[in-house]
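These notes concern the structure reproduced below.
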Amino acid sequence: MTRPPGDRRAGWRVALGNVVFNNDTPAGRAFDLVLIVLIVASIGAVMFDSVRPFRAAYGPALKQVELVLTLLFSLEYGLRLLTARHPWNYARSFFGLVDLLSILPGYLALLVPGAETLLIVRVLRLLRIFRILKLARYLSEASVLTEAIRASAAKITVFLVTVLTMVTIIGALMYLIEGPANGYTSIPTSIYWAIVTLTTVGYGDIAPKTPLGKGLASLAMILGYGILAVPTGIVTVSLARAQGAQDQGARDHGAQSRRPVPRACPRCGLEGHDPDARFCKRCAEELPST
Amino acid sequence: MTRPPGDRRAGWRVALGNVVFNNDTPAGRAFDLVLIVLIVASIGAVMFDSVRPFRAAYGPALKQVELVLTLLFSLEYGLRLLTARHPWNYARSFFGLVDLLSILPGYLALLVPGAETLLIVRVLRLLRIFRILKLARYLSEASVLTEAIRASAAKITVFLVTVLTMVTIIGALMYLIEGPANGYTSIPTSIYWAIVTLTTVGYGDIAPKTPLGKGLASLAMILGYGILAVPTGIVTVSLARAQGAQDQGARDHGAQSRRPVPRACPRCGLEGHDPDARFCKRCAEELPST
Amino acid sequence: MTRPPGDRRAGWRVALGNVVFNNDTPAGRAFDLVLIVLIVASIGAVMFDSVRPFRAAYGPALKQVELVLTLLFSLEYGLRLLTARHPWNYARSFFGLVDLLSILPGYLALLVPGAETLLIVRVLRLLRIFRILKLARYLSEASVLTEAIRASAAKITVFLVTVLTMVTIIGALMYLIEGPANGYTSIPTSIYWAIVTLTTVGYGDIAPKTPLGKGLASLAMILGYGILAVPTGIVTVSLARAQGAQDQGARDHGAQSRRPVPRACPRCGLEGHDPDARFCKRCAEELPST
Amino acid sequence: MTRPPGDRRAGWRVALGNVVFNNDTPAGRAFDLVLIVLIVASIGAVMFDSVRPFRAAYGPALKQVELVLTLLFSLEYGLRLLTARHPWNYARSFFGLVDLLSILPGYLALLVPGAETLLIVRVLRLLRIFRILKLARYLSEASVLTEAIRASAAKITVFLVTVLTMVTIIGALMYLIEGPANGYTSIPTSIYWAIVTLTTVGYGDIAPKTPLGKGLASLAMILGYGILAVPTGIVTVSLARAQGAQDQGARDHGAQSRRPVPRACPRCGLEGHDPDARFCKRCAEELPST
């Protein structure tokens, strides 16, 4: 990592930050690998702890493991704060908050006896895997997907408004037709049923019992069937265009040109940097060379 | 809004109609925003009222809220009648009828004691959001979707006839195989089951119990699996073509040309006006300039 | 209808056959319309008859209606036999057999007391609507769909073999893991469960209860999720190509050229006639001019 | 089959290997056909045997059939070992292991009384059908499918990581909201529910009961609805590109050129050979001429 101009961090902080935030050196990659193992272990512990017989048998041991993991994640958080070029920017960033949220419940559970339910917040640690993966070779793939979704945001909004309206009207009609006696206890419950039906999930916890209700449900299902096609069509067309644009870019610029791939800041996660940007426009972290 | 020739409305009616029917002025946008808030509040009240415990606790208060909302919507309906260029055309239009249907149940419930079930008609108010959104920036997106669906209407009809035939024959066969003892009480009920199965909703309220029935159901599911692909394919291809045509249009005409977007009459909602049309061909309302 | 060379039918047979088999004259269209109404009425009667309370109340009346309908359909079958250029070819054709199957159960139920269940065969009458629709304006739409499906037949076969293998192996594994105690009473039943799961129908009549079973089921579902994408992709690509070819054809030949649409023989239903064919290559019936 | 240089097998071994491993001679095709019949019969016997009443009635007869089939498959395995150019390479290959696994349980069940459950491994014989089909005319179709899936492997990985993260977080939240009292007995169970819901399977064995849980479930379903579109879009775009590339290849090279289709080694199943390769780069088996 070349040193950005105006960086007043000490040499060891720069070197350490390189390991913590980047993965273009063997040390950085090793750090990320250890982190992924710890995160997966931590999620495994949370799940394991929620299974009653396991908790009864291994409860105290799991608490020990959790304590060690919390300490390790605290150490990592401290390192990040210490070596970030702008610690306050890191702390306020999305992944900074996720990092903080991942360690707070561990301490709270130690102090406040009834705070065990808060421990579930630890599954948010899973989100941190995204930061690590983002820097890896999946980056360009993810960006095609997010581009495709972003490009069809307006169409998806129209689609969602239509679906919500349909679901409300069908739900209200079924409440009228079937009534509380057949499980449609209120309009919100009926809307829940309509969503379960239109998305073709179909739990069957509530199902129409009157002939008229079955008829309306059949109509709603066939409608839902056709409607299912719309988001698929939207995303497919968007993906085809995003892919086409990427291919076009590759053809236009040739192999030796800069990859027109959105880069994410390794520190604060900000995307959308210009191709010629060398430093993050928000936190001044050096960007990975394209 | 320029004044259309032959318009004999007084100046204040034109100005007020501008606020009520259009949203290209700050006042018009504010009016629409207030309307959306009121509609959402009204739908919320209908839902809230259907939950038994809430009704018991807040019933009288909800009646007051409903009364106020009905009065406000009546005022709005009166304003629309007053300021429309052709009040009778507005009253007979789709949204005119929706507006009327939204306020009638409120008055009926006051007069006739048993008319409470009619109050559900108020969820139709939700449809009015579409009129407002139609004028907003989602217009062009919605039109691509409706164009795509319209273009594949014939294919969808063939598909629906095929599905309905399949569903009837499979339903009749399952009625024969499983019979009333296993829940297939009649052919219409069996057809309902077949629709639930082919659309992959699968409530499980009726499920095959005999080996032969399970075999036929398995076949129907794999068929349904393949059939699910057809509407998706139809809509995707249509969407890709509609999108392609829009892109083509944008390339051909440049930025300063007329947008080739179907316009909806702000009063009666009629679409499909010619590009050079200045007034709605049904209700003579001035159309938004393209 | 010009008379094909070598046709030795009397003049009135040709004229009547024109009404019965074609719909390019007002009389032919009226005949088809009456037929559709009778078919729908007949299907309605079959459904109505299967609902227990209705049968108890209107049983004898329904029998009368059924008798009249059977006589009318017999008359139609006789007319077809009489006016077809090659009666034997018609009788052996797909729609000829459907026509015969539609009337036989009506007579059998009169003669044999216990043959009522056979009456369900009458729903096959619904298939006859396809012959009528095939001649109508939906022809070209249906042909794009069938072309698309035919073009991807090989891909769909590979896909089906893969799915059947997966379903068998997953079913056998679940039988081993969950066993008869949890509802997986035999391997065929487990395969039925696997099909219900992979097609995302999910009745819930059988569901995994052991942790290992739930894990395998989760894996199967995510697999099924991805597999659902394959037939959709196949059909979409095929549809896009069929559509593209049709557009290309329309561009190449211009408006005054022959429509490159597969024609079905109005008598025996054979498709795939050459563009310059004037008569059906199987039953010598005159083909609709392209 | 021309004899590869350096092949030191006796003449009859080469001739027999030709029958056993290839299907480009009548004898080879007959061998494969007999094999498919035996495999299907064997799978049928396994299924039949798992149905309790059948087992009670035909148990001993089924054991005889199974014994004969095991002997026949052993004979086939011996033939393959004997005639393969590199027997050890065949034995270690994927299909070599499947062949071995198909016969071992038959012998084990004879020797060890309690090993009946192992007999289920015999369904793996179904996999052997793929080796046979791979050499047949479906080869090129399967390769388009596998190419399409391989090309989108990175996108599918991103998608799977996202789905697994969502499913874990939604599952943990539902465990918190609904709790063990409503069937969400642990986080893994809740994750199982989330997978059942997001894939729109919806068994209904676990379903939200609290209003908050129903609300979150509704949100998850609508999300799942949109997410369902992503793999479909990915596969469709990949298929369209694979198909386009194949068409392009067919246009570029003409009818007399080499088919650009990936070839599988008839012995060890390895794919990805260069177009000019004559022998398998792993087991030195001669490759089918392209």
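A, B, C and D are the chain letters, set down in written order, and residue numbers restart from 1 in every chain.
By definition in this document, a residue touches a chain if its C-beta (ideal position, glycine included) is under 8 Å from a C-beta of that chain, and two chains touch if they have at least 3 such contacts.
Here the structure is a predicted model, which means the values were calculated and not measured.
Across A-C and C-D, the chain pair carrying more C-beta contacts is C-D.
Taking the mean of C-alpha positions as each chain's centre, the chain lying farthest from the centre of chain D is B.
Fitting chain A to chain D on Cα positions gives a rotation angle of 90°, stated in steps of 5. A repeat of the A-B interface exists among A-D, A-C or B-D; more than half of the contact pairs are identical by residue number at A-D. Inter-chain centre distance (chain C to chain D, centres taken as mean C-alpha positions): 32 Å. Averaged Cα coordinates give chain A a centre that lies 46 Å from the centre of chain C.
Contacts with at least two other chains are made by residues 188, 191, 200-204, 228, 232, 234, 236, 240 of chain C.
Chain contact summary for the complex, chain A toward chain D: residues 43, 46-47, 50-52, 117, 120, 123-124, 126-127, 129-130, 133, 137-138, 141-142, 144-145, 148, 156, 160, 163, 188-189, 191-192, 195-196, 199-205, 228, 231-232, 234-236, 238-240, 243.
By the touch rule above, chain D contacts chain A in their complex via residues 154-155, 157-159, 161, 165, 168-169, 172-173, 175-176, 180, 185-188, 191, 197, 200-204, 207, 211, 214-215, 217-218, 221-222, 224-226, 228-230, 232-234, 236-237, 240-241. Note for the complex: chain B touches chain D at residues 200-204, 232, 236.
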